[in-house]
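Heads up, the next two complexes both have chain A, just with different partners, chain B and then chain C.
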Partner chain A sequence: MSQAANTGIQERPVPTAAASRNSLSSRSLPRWAPAAFAGAAIVLGVGIGAAAGWQSRIQWGLLSAVLFVVISYVTTSVVENQRQAKDRLATSIVWVCFLLAVVPLASLVWTTVSRGAKVLDVYFLTHSMAGVLGTAPGGGVYHALIGTLEQVGLATLISAPIGLLTAVYLVEYGKGALAKAVTFFVDVMTGIPSIVAGLFILSIMLIAQLQPSGLMGSLALTILMIPVVVRSTEEMLKLVPNELREASLALGVPKWRTILKVVLPTAIGGITTGVMLAIARIAGETAPIMLLVFGSQLINPNPFQGAQSSLPFYIWEQYKIGSEASYDRAWAAALVLIAFVMILNLVARGIARWKAPKTGR
Partner chain B sequence: MASSTPIDTPPVPPVQRKRARPKASGRAGDKIFLGLSRGSGILLLVIMASIAVFLTYRATLAVSKDEGNFFTTLDWNPVGDKPVFGIAVLLFGTIVSSIIAMAIAVPIAVGIALFISHYAPRKLAAPLAYVVDLLAAVPSIVYGIWGALFLVPYLEGLNLWLDQFFGWTYVLEKTEVGVARSLFTVGILLAIMILPIVTSVSREVFLQVPKMNEEAALALGATRWEVIRLSVLPFGRSGVISASMLGLGRALGETMAVATVLSPSFVISAHVLNPGGGTFAQNIAAKFDEADQFGRDALIASGLVLFILTLLVNGAARLIIARRKEYSGANA
Partner chain C sequence: MAKRIDVSGLSAYYGSHLAIEDISMTVEPRSVTAFIGPSGCGKSTFLRTLNRMHEVTPGGRVEGKVLLDDENLYGSHVDPVTVRRTVGMVFQRPNPFPTMSIFDNVAAGLKLNGSYKKGRLADVVEKSLRGANLWNEVKDRLNKPGSGLSGGQQQRLCIARAIAVEPDVLLMDEPCSALDPISTLAIEDLIGELKERFTIVIVTHNMQQAARVSDRTAFFNLAAVGKPGKLVEIDETERIFSNPSVQATEDYISGRFG
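After this line comes the complex of A and B, so read on.
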């Protein structure tokens, strides 16, 4: 790698000493130039867009972005030199990329918050949709909240131990073909689409003649959750310093006690974080719930029997009804779901920082 | 699941305190613990295998009664005495929308990753990386309703404009009127959805470039772009490829976002701006409610194809990553 970098530089015709002398004496653009280019590009873009009568502001933005890149490149290559111009071109493209990505993502968050806040109140959180006409305002998300909590809780109860043990196996015991196979398939499993996990449980349900219930949804979520738990736990266990294990083993402590009492407690902060991030990931899954839990308008606190709802499924349901009131409910539920996921994420990362595994001493 | 309470394994009393055997593996606790942890490893393999077996079993039930050709029929009608269904449209739609998503997302994601790792002011970089990771956690159904209720109306102007100026490319010609619930819009939405994961994996890779390489380039008078071109990009190439493959895997299997945005139809049309088309996951979500038992088997058959497709893509991505173990996208 480093060789390639070196030869690349050496092939440059201009000796470095001359270049540096040049750059000291040659003209260069002021520091505020990029901001000025951006301003000019936006003005031009909006001007042309408005003059040509383009309806959507997306076009205005795209045009401004292109203009910004072109203006920076041309001006720099005229005022400075070709190499600086290329550098400026790359810099402006990277900035444009960043803005291009920020705009839709910010818009997503803003839309959800502003539209969701309209109907989100205590009533919404504590009432179900029982007896509420889909197209009429009113109703709430309580039954879906219960469903999500129970399904996700069950899935966590099943997949956290399995995932943890698998990670322990891979890090503490794993050698040979089995460990390699498990590692590979854990990686492949992270990529299984949620709908395929749902179809798998569905095929079992069709064979065993089972009825839809919260548990079936949890099983599908388990398949999605296990690989995430395994990967993050594995990373954390690898960070535990070997000296700790050796010290414990040297005192005659059996390996399993070493793992339970020394290795796992050392990494517990990171493991908790991993599990919480995994929970955040599966809490938003809609497809398996749609196939396996069936959805319900009523409060069903029993995840082992009968149809249930869940937050993401509720959003989908309300979206499909397609009236103004149901859209409002969908946005409010989306806000609840995002808040749930974000809080989990923030707390998880907080724990990770607070209880970071003690490497070294 | 038998192994659901591993932590509570009762502590086995230390029997042989006086005459410790030379081999620790002789102890009962060790055997149990090893058995449990190896067992859950094997359980994972069993799950993977049974996914393949069960899906294949139900799929063969359906495909054997298919009156059309499963791979070429342009219809999905698995009811009655003469069920006819085929995956041609779904395969086409899935691949086209994913290609559009990749074409948009990968360059931009690499740009953002470079921005965070090399261009952004120090104070901005850490929070930005954090925000990108948070965005990866936004549920797909939320992207879906945002796409359907917000993005679709906004894209109509862009669609007309693309048709007007690039209609001659055939692909971007809009021959049917209608809202922008097209494969192109789906591609844009998928691109936005996979941006965070591709970005965060690429950023990890870019941050691992040996500082010495970059400093060497800088010391020779390279501009920042030359540093990136000569030392960062060559080092990160395989990482970016595998990040893109991970993103592709997500795009292929995305269900809810596509189901909310697309207005499905069973035609293959290279005019990506026209409303219509379908993807595997979207078709399953849309047809599931009205499907009887046989219809569900047919959907499982299409799901099996999707499973194989994502398996291939993810397997390839992992094989590329396997050369450099340190960047794994699983936690991102």
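After this line comes the complex of A and C, so read on.
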């Protein structure tokens, strides 16, 4: 302060109490207002719902949501002004939508965990259904877990390189009719229902007189996985700034080395995430497995010969039996499948963070 | 090792659009040549034809001849990759490789080309960073990512990266336009040192900069928007700024248009 005086900078006039009521500030709701609105809306919604004798809790919730939006808007437009009210309206709609999206997810996770945890233990994870009567308790998911791991692993091994190279072609080299055709067919492939992919491989199997095996399932999964990998990798490669390619080319680095050493490492985090999401998508496919892998109660670690099982197939199979014990097993297997996909996602995020371009000093 | 560049009758196209038309000039070795002119007159395009970066742009093609010490860059058996190793380039916006450390950024040209001896790499990196006046600022953090440096440091890192492959010619496309005056001064000093070893061509919008750093200056202009850019004149920098032979040059330099 004294320095300011020394350098001759004029001090600003201190605003008086009267001046603080100037045109820049106006009446505003306290920070806890949204919470209060939400509380009031819930109380009102439940009250009206109970008074009207509505049976469904969903109706209560929806009424509360609508009331929350209305109360926020009206109160804000009365206390504050029209612009703030619109802002509040948009904010509360976003919140309501968020809750509407989260409620089913949370309920799904809750149901799966609470019902699946009953029989999920080490025994369940390490034993197959060999010699276990479908209606009797006991047995496990080991054979299905192995099946899923091998089929998904094989499918990834086949489709990740194909998808990656296709995307590199489309972004770095492709122009003209061929690139357009490839893009078109990738788009078409994205829309193929899994049962159609399964039938396609089945027709080949019948023509070539092959027996059902894990590999056949993997081939169908590959058809489903390739377009997803191509699309996500393509988007990631497009995000790599052109300046980096030019910088590398201007150093006299050939184009293929530029792609390999500069473009791909820059995008590797996003590419990994894309591949993992594609894996998550195919891990839950049931139809091709039913057609091509046939299903089995026994442990078959060889994906190239003989029938196998897989987690989604196992869930369907157990649910179809319809006994108390098999329902428990189905839920436990569903929990295992969700955990499998979630672990993959976490690994992908870890890799993406580890490989992402660093910005630290 | 600096080389002379002889350009004759050079035109560059983007698809069917003629960007620069019929340019002929000589760039002397161990000197700094500056290109000035209004935006869109094809300075950068012309610069990029000098190391065949123009054809990296989709639809980019070139007619005419560029002789680098009597060897035509656009000859039928010339590999553009070899040309770019001989004629290095620094871009307008600093563009260090984000996945690489400071060390790896400088070593990138050698490493990616696979033509280096392990033991020599550290020497080359130090020499290049010293050459770019950056060594003292980064010698303690060579393993940190290059994108963590300030803008001016990043640009000097890019210059170090370009000189690490020991080109004969160094092209600079507005290397200071994204930098503050102090970083600009650092890079201008650097250009003064580098011209002892390299032939340097620099595009700039800053007339004072052209006057400060260059030995010869070329003025480019275009007749109208959509018309191709042309070389108006090239001469000693002193002549261009004191007594140019074309009226348009004087108008541009004295700020009467552009």
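Quick note on the criterion: the second predicted complex is superposed on the first by the 259 of 361 C-alpha atoms of A that agree within 3 Å, B and C clash if a C-alpha of one lies under 4 Å from a C-alpha of the other, contacts with A are read in each partner's own complex, and residues count from 1 in each chain.
Criterion: a residue touches a chain if its C-beta (ideal position, glycine included) is under 8 Å from a C-beta of that chain, and two chains touch if they have at least 3 such contacts.
These numbers were taken from a predicted model, which means no experiment stands behind them.
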Partner chain in contact with A:114 - chain B first, chain C second, else both or neither: neither
Touching partner for A:243 - first (chain B), second (chain C), both, neither: second
First, second, both or neither for A:254, with chain B first and chain C second: both
Partner chain in contact with A:265 - chain B first, chain C second, else both or neither: second
Contacts of A:94 with chain B and chain C, given as first, second, both or neither: first
Overlap of the chain B and chain C footprints on chain A, listed as residue numbers: 249, 252, 254, 257
Contact set on chain C toward chain A in their complex: 51, 53, 56, 58, 81-86, 88-89, 91, 93, 95, 97-99, 108-109, 111-113, 141, 144-145, 147-148, 158, 161-162, 165
Contact footprint of chain B on chain A as seen in their complex: 1-2, 4-6, 8-10, 16, 19-20, 54-59, 62, 83-84, 86-87, 89-91, 93-98, 100-101, 104-105, 107-108, 111-112, 157-158, 161-166, 168-170, 172-174, 178-179, 181-182, 184-197, 199-200, 202-204, 206-207, 223, 226-228, 230-232, 235, 249, 252, 254-257, 259-260, 274, 277, 280-281, 283-287, 290-291, 312, 315-316, 319, 327, 330-331, 334, 337-338, 341-342, 345, 349
Interfacial residue positions of chain B with respect to chain A in the complex: 1, 3-7, 9, 11, 14, 20, 24, 27, 29-30, 32-34, 36-45, 47-48, 50-51, 54-55, 57-58, 107-112, 114-115, 119-120, 130, 133-135, 137-146, 148-151, 154-158, 161, 192, 195, 199, 210, 212-213, 216-217, 220-226, 228, 230-231, 234-235, 246, 249-250, 252-256, 259-260, 281, 284-285, 288, 293, 296-297, 299-300, 303, 306-307, 310-311, 313-315, 317-318, 321, 328-331
Chain C-facing residues of chain A, complex: 175, 241, 243-254, 257-258, 261-262, 265-266, 357-361
